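We call the chains A, B, C, D and E, going by the order they appear; numbering starts again at 1 in every chain.
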Amino acid sequence: MPLNTILLLGAALFCIGLAVVVTRKNAIAVLIGIELMLNAANLNLVAFSRFDAVELQGQIFALFVITVAAAEAAVALAIVIKVYQHFQTANLDKINELKG
Amino acid sequence: MLIYTIFAVYAERKISAFIQDRYGPMETGPYGLLQTVADLLKLLQKEDIVPLAADKRIFKVAPLIIFTSVFAGFAVLPLTSDFGGSQIETGIFYLLAIVSLDVIGILMAGWGSNSKYALLGAMRSVAQIISYEIPLGLSVVCVIMVSQSLNLQEIVYQQGIFINAIDPNAQNFLFGIKALGIETTHIGGFLTWNIFRIPFFFFAYLIFFIASLAEANRAPFDIPIAESELVAGFHVEYSGFRWAMIMLSEYGMMLLISFLGAILFWGGWNTPLPNIGAVALADWTSGEPGTIAGHLWGAFWLVSKALLTVGLQIWIRWTYPRLRLDQLMNLSWKYLTPGAIILVLVSALWRLLMI
Amino acid sequence: MIEPNLTEFGTVLIFILGAITFVSVGLIAASIIRPKKPNYEKLTTYESGEETIGTAWGQFNIKFYIVAIIFLLFEVEIIYLFPWAVIFGDKELIQGTDYTWAWFAITEMFIFIFILALGLAYAWRKGYLDWVKPVNRASDFKSPIPAEAYQKYRD
Amino acid sequence: MQGISADIAWLAPEITLVITAVLLLIYDLIFKENKSVGLAAIAFVGLAFSLALLIAGWGNIEGDRILMGGMVRLDGAAIYLKALFSIGGMIGLVMMLRSKQKEKFFKSSETLLLFFGLVLGTFLMTTSINFLMVYVAIELVSICSYVLTGLFKSKKNSEAAMKYLLFGAVASAVMIYGMSWLYGFTGTLDFTSTAFAEGISQVSIIPLSLALIMTIGGFVFKLGAFPFHIWSPDVYEASPTPIVAIFSSLPKLAALAILFRFVANLDVAIIDWQLWLGIIAILSMTVGNFSALWQKDVKRMLAYSSIAHAGFLLVGVLAFSESGSTSALFYGSIYLLMNFGAFFLVQLFENNEGKTSFDVFKGMGSKVPYLGVLLLIVMISLTGLPPMAGFNAKLYIFSSLWESWQTEGSSILIWVLIFGLLNTVVSLFFYLKIPYYMFFKTREEAENPVTGSLTDKILGTILVAPLLLLFFKSDWLLNVLNSINFAL
Amino acid sequence: MIENLLTYIIFTPLLGALVVLFLPQSKTSSFKWVALGALGVTLVLSVVAVTSFDASVEGLTNSEDQLQLVDKAEWFSVELGSLGKFSVDYFVGVDGLNLSLLLLAAIVLFIGAISSFGIKQKQKGYFGLYLLLSTSVLGCFVALDFFLFYLFFEFMLLPMYFLIGIWGGPKREYAAIKFFLYTLVGSILILIVMIGLYNSVYDPVKTGIEAGVIENVSEASPDMISSIQYAVQAGQMESENIVKSFNMISMADDANYLPDSFLGKNSYGEIFGQSARWMAFLALLIGFAIKLPAFPFHTWLPDAHVEAPTAVSVVLAGILLKIGGYGIIRTAFSFFPDSAFHYSWLIGFFGLFSILYGAMNALAQKDLKRLIAYSSVSHMGFVLLGLAAMTVEGVTGAIYQMFSHGLISSMLFLLVGVLYDRTHDRGIENYGGLASKMPKFTILITIAFFASLGLPGFSGFIAELMVFIGAFKSSTVIGAIPYWMPVVATLGLVLGAGYYLWTLQRMFFGKFWVKDKAWRETLVDLNAREYVMLVPLVILIIWFGIYPATLLDLINNSVEGFTQLLILSVE
């Protein structure tokens, strides 16, 4: 597959993710958007790794990104649950105890 | 290429149907072979009901995902020494990954149905599957550590007399311990199977087997679909062909897992019979890779091993009572996982002995 | 059998497409022959004949989430174990470095696993692994089997 | 292989932290009741030991050293910062011990484990020269921070944690995407290598700018500078004070180190990063200071002040020179001290009233004059007026800026200088608010007077005394900083 | 002559502050005596300093040779690697430019301490802060290292802030923060220039020592120094040997600017398209003009004065404003004489405007203290005008005006304080015919008013006269300010006479009338303590009005050196 295709796909994924993050009000949806953005980066990394045949740094990086994203997701879920317990909603617009 | 695909799909359907046959009525057609067809026809005619309250898109897509993920798992299985789906280097890794997608499908099915039974079933199912995925994965890691490969075909090759076909310098020793000095490279048979090569792999296989039962939602780990509690679990709202897909993938999963177990631990398509001196049983009961004999022998050994395992699973289903959810979770997290971790550590040391 | 210009992953793709095709074909075939007579009763959610109240999309036992999180932890561990498992016992590397490689890799991974095992131990100790046991309510049902037998079975 | 084994000795401080964390966990698992003393002791000893190792390593390091196959580069500045972080960690620990919520902190090892994770992350951030390592280190800090924010059960906590997490995750996703492009451009993850510099010199300006902005954005997020600062007021307000004290100092300085090393390889002729950072610095200072003006909560105010200080710290990066790095380190050290001093003293009052609005400080100047004076000193130092070390910090950082401007003549530098100093005036408004409430306002009800135990007074003095001392003898620290090597 | 005399002068009040701090709260009555004692010692030492000053020393004010009573020790220095190092000195000394102000400060602080006896609440804090303020004010006048100067200059704000904010009038908080902010803006501008200056200026003696040309400070002969300067200017000095310096005396010498620096006379550094030197000069000028205060930066002054307690007003008007004027002389004009000439018209204009604007505002005031505050704005305008003239007479007049205004405004504020003590009201319209009720008070305030409006026989007359002479001469001697400026400025005198006499007429003459009946009881004439504060001031005002040579002799040589510096740079 030509590199450009993958990069375009990555860019599209990133933009979609960003759009989701910006427009969605539900915390979970935002998290999904973030996940899309991360995967766009992963796609790029793996694609570029082709030119780094000796060390495959990009692939290793992608592996780490996946791991960290998983950890982040775990923490995120825990926090969202906590928020849900307190606010009875995951709508970001309604979660605004802190202001100023 | 298309021919190949159709063949594979056909073979898969055949196999799935074949297993369904075993507990279905044996009367349809000669040897019950037509049962599948009858089932399918019946299901095709059934009305496709999508509940009003359901999330339509998710509800409709879920069976597809479940089926596809299980079916795609078959792609990397080496059926014989020279025939199998894909030869990708990361075969086992891919297999575990794609089968995990199953979980998403199940969750979608449960969620999409918007039924309390279905959702609860799905949640339980997911909790169970992911819990058992850990010991499953760890026990697979044990095998990989010893075989140093993710390619299933290569793993199988290592377990038989054709080991030198992939690595001319490779040698096998009794129990894998080089220091014992008993070379089994050309003896082959069950002695070079992983489960004999590395004796404690018996425990690994035990973990693998239990976990795989749970993975396939089979009894005694079938609380997600417990008829008596949850009616039918996550697929309670399904009917017709979609339901058929779900059932099909469940049995497909069983078979897949059985294949995997056979490949990883029981020598795959390798013959169980060793060469004992001049009595070259192993040579006789397996063809050279690439020849027709090789195909036939390989397929025979593998399929019989897998079917034996499936038989075992069905036997267990009717033998053991269902576990409660807490017992189930305890078993996974408090016994199997720590056990598997210890096995991983032991395997690491064992591998050193093998060099 | 495999066309030379198709990579191994191509085969996998064929499988996936095949599965989708199979399902689609099946669905299309079914849609042609199957009856289509929806009525309200059929379309209601099944709840053992009871009327459904509300939707099912409510909150779940927190334990499900905890299991999910712990699973995530170990699944991530396994991600690292796979590449390591393939390389740590490499014959050439081990013999080339006179076993230093192996010991280094093993120590490293042992530490990694040890820390994760500590995580498991922590979760265990803090009781996150204990699923809520069902409360045994006294049943009115007069069973011929003595209660002790049930108890024995439950534990 | 041998190389890596030898490198491990250089990473002993980090390993110490890991071992301490493991010991904490084991201790927590073994004992059931009354764990607080043991946990605190282990944690403290661990930090002290790593500090000792760092000091020992200080003498041995000459120049800089690339460790772990190019993942990590250890130099004098990194060791210095790590030592600073160890000290900061110890102060944080002391703050936890003096907090009213002490029981919550030491009930089990959770908080401490995350705390050690955070410190470890900052340790790694100071040395990383590889995108992979940078990412992992930043995420280690971030994830620990998210959990620490939301650790205590309250509505505010969870909200702050979620906001922090969402902003943080987006920032890191953007950063990683930028990094992936940079990797594509250069074929290397080591951003100090010549391959990297060569690689980016061949890319056209727009994609390169985009990738760099994305990457730097991630660093700026950890630095807490504009425009990635939005999380900090909420987080600061909701989190427990000792945790906030850590948040506002350690990760910031660590991010600064990364930023320093990162921009070192960017040629201003190719890409005008000075302009970007200059604008970020100006906006951080201005936005931080002006937003702080309206705050009613002290911690929230300090949050905005920390945004402004992030802007000041960036000035050190902007004045990209030998003296720039020295003065940035100096500023960082002083900022750390001031910050811990401020939060420590605020916590004393918070302990008493359970909140941190300005009303808490009403009339306290006459009730606890000693603590009042200490707080006054800290606030004056934060403003940057003599005779407190905050003034020297500002003086040095801006004179290094002047120096670079004199040699380079990039006009953004002089704008930063002017805005930075004018912002000092703005900051005076809100920093003086606390002394204003303490000394000018009187409180009617006499109930619940803060007495300030002797221990608190001594600890406060220990924290605040260096601020005075380092004004009069700033050469002590500055000469140390001059002698260390900031490998760029 | 006493060794380290200036150091003792500066730090005696600090010592007093420490004593106050460590005395137990119970000894409330002792705090004021400690303060008075410390400031008394300071006053005596200052007088000693004045008497031991050798008025015959001549020289340009950019040479350290003409300084007297010098205390110089290295405070700290920092190695900057290849950029050399920079050093900060503890460097104090006097010449004609600051000696008179030191004396003034000592006098006013002492009298302020006496007037502070009226403070009843939180005495410990008050006297502690007052003594701290004293130290920083005194230090500010004698510090000759910019870092040290800045330290004292900034540190002054804090005690002042609290003195106004805690012990002040009803709107004290607002006034305190306003004062603080205005001054801080000024000091930030000064700080910017300071950063620029120390990056541009080196210390020839220390550079010589660093380079090994000379062994120690005592060996540094003028020839040696100029050879070092030549070497640096020619770029022959190794850059790591160059010692950057905060020395204010060095900064006034063009030869001490590094050849590639932005602020050197021959460099073409530009900020926003303007010459860097001009911008730096303006920054310094504005910084100090805020303190002075000159129009349009004066708005903090009336508020601060009105709200501050009497003694603080006295210190504020008597000394703090002078720091602005002194700063302009010592830094802005000394460092950038060419820029000063370039902007002299502007400075003169703002001086003129301050004179008129302050006077007209004073005319409109209803609050006595506010009136005096605006009159201060007006009088400090003369300082600017005198400086802008850039002639010997003008500069002398400016310094004399600062000294004289210090005494007169202190007296005025003390007198207002006396009235305020009795009635807690300062409204001009609330009183009438006070002369009959408080004759002695009326006599003193009449003296003060006359002195302030510049009647011959009082010190203010001499000062204003010299400013006028200098300003008139300016256009012929150096051409700094046009002829019409002093002419218009005379209008200020007329206005001054106007508001003072009108006030006298309204408040003190005619039939006795007060707004509140209760005041009839409280309005009593001066008591002994008030005499002690006021009479010496009257004597001094008259003495310096009749025999100005006392002061002129002291400052003359330095002023000449200073103006020569200005003229040299113009040529």
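In this text, a residue touches a chain if its C-beta (ideal position, glycine included) is under 8 Å from a C-beta of that chain, and two chains touch if they have at least 3 such contacts.
Just so you know, these numbers come straight off a predicted model, no measurement behind them.
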Any chain in contact with chain A as well as chain E: D
Separate pieces, if any, that appear once chain C is removed in thought: A, D, E | B
Length of the shortest touching-chain route, chain C through to chain E: 2
Centroid comparison with chain C (C-alpha atoms), farthest chain: E
Closest chain to the centre of mass proxy, which here is the mean CA position: D
Of all other chains, the one whose Cα centre sits farthest from chain A: E
Which of A-D and C-D has more C-beta contact pairs: A-D
Whole-Å gap between the CA centroids of chain A and chain C: 22
Centroid distance [mean C-alpha coordinates] between chain E and chain D, Å: 41
Distance between chain centroids, defined by C-alpha means - chain B, chain C (Å): 14
Centre-to-centre distance between chain D and chain B (centres being mean Cα positions), rounded to whole Å: 52
Where chain C touches two or more other chains, by residue: 68, 75
Topology of the chain contact graph, where touching chains are joined (line, ring, star, complete, other): other
Touching pairs among all chains present in the structure: A-C, A-D, B-C, C-D, D-E
Contact footprint of chain D on chain E as seen in their complex: 75-83, 122, 125, 150-151, 154-155, 157-158, 161-162, 165-166, 172-173, 176-177, 180-181, 184-185, 188, 191-192, 195-196, 198-199, 260-262, 269, 271-272
Contacting residues of chain C [partner chain B, same complex]: 1-3, 6, 8-12, 14-23, 26-27, 29-31, 33-38, 40, 42-48, 52, 55-57, 60, 63-64, 67-68, 70-71, 74-75, 78, 81-82, 85-91, 94-95, 99, 102, 106, 109-110, 113, 117, 120, 124, 129-134, 153-154
Interfacial residue positions of chain D with respect to chain C in the complex: 1-2, 4-5, 18, 22, 25-26, 28-29, 108
Complex contacts: residues of chain C adjacent to chain A: 59, 62, 65, 68-69, 72-73, 75-76, 79-80, 83
In the complex, chain D residues that touch chain A: 131-132, 135-136, 139, 142-143, 146-147, 150, 153-163, 165-166, 169-170, 172-174, 176-177, 179-181, 183-184, 187-189, 233-234, 237-238, 294-297, 300
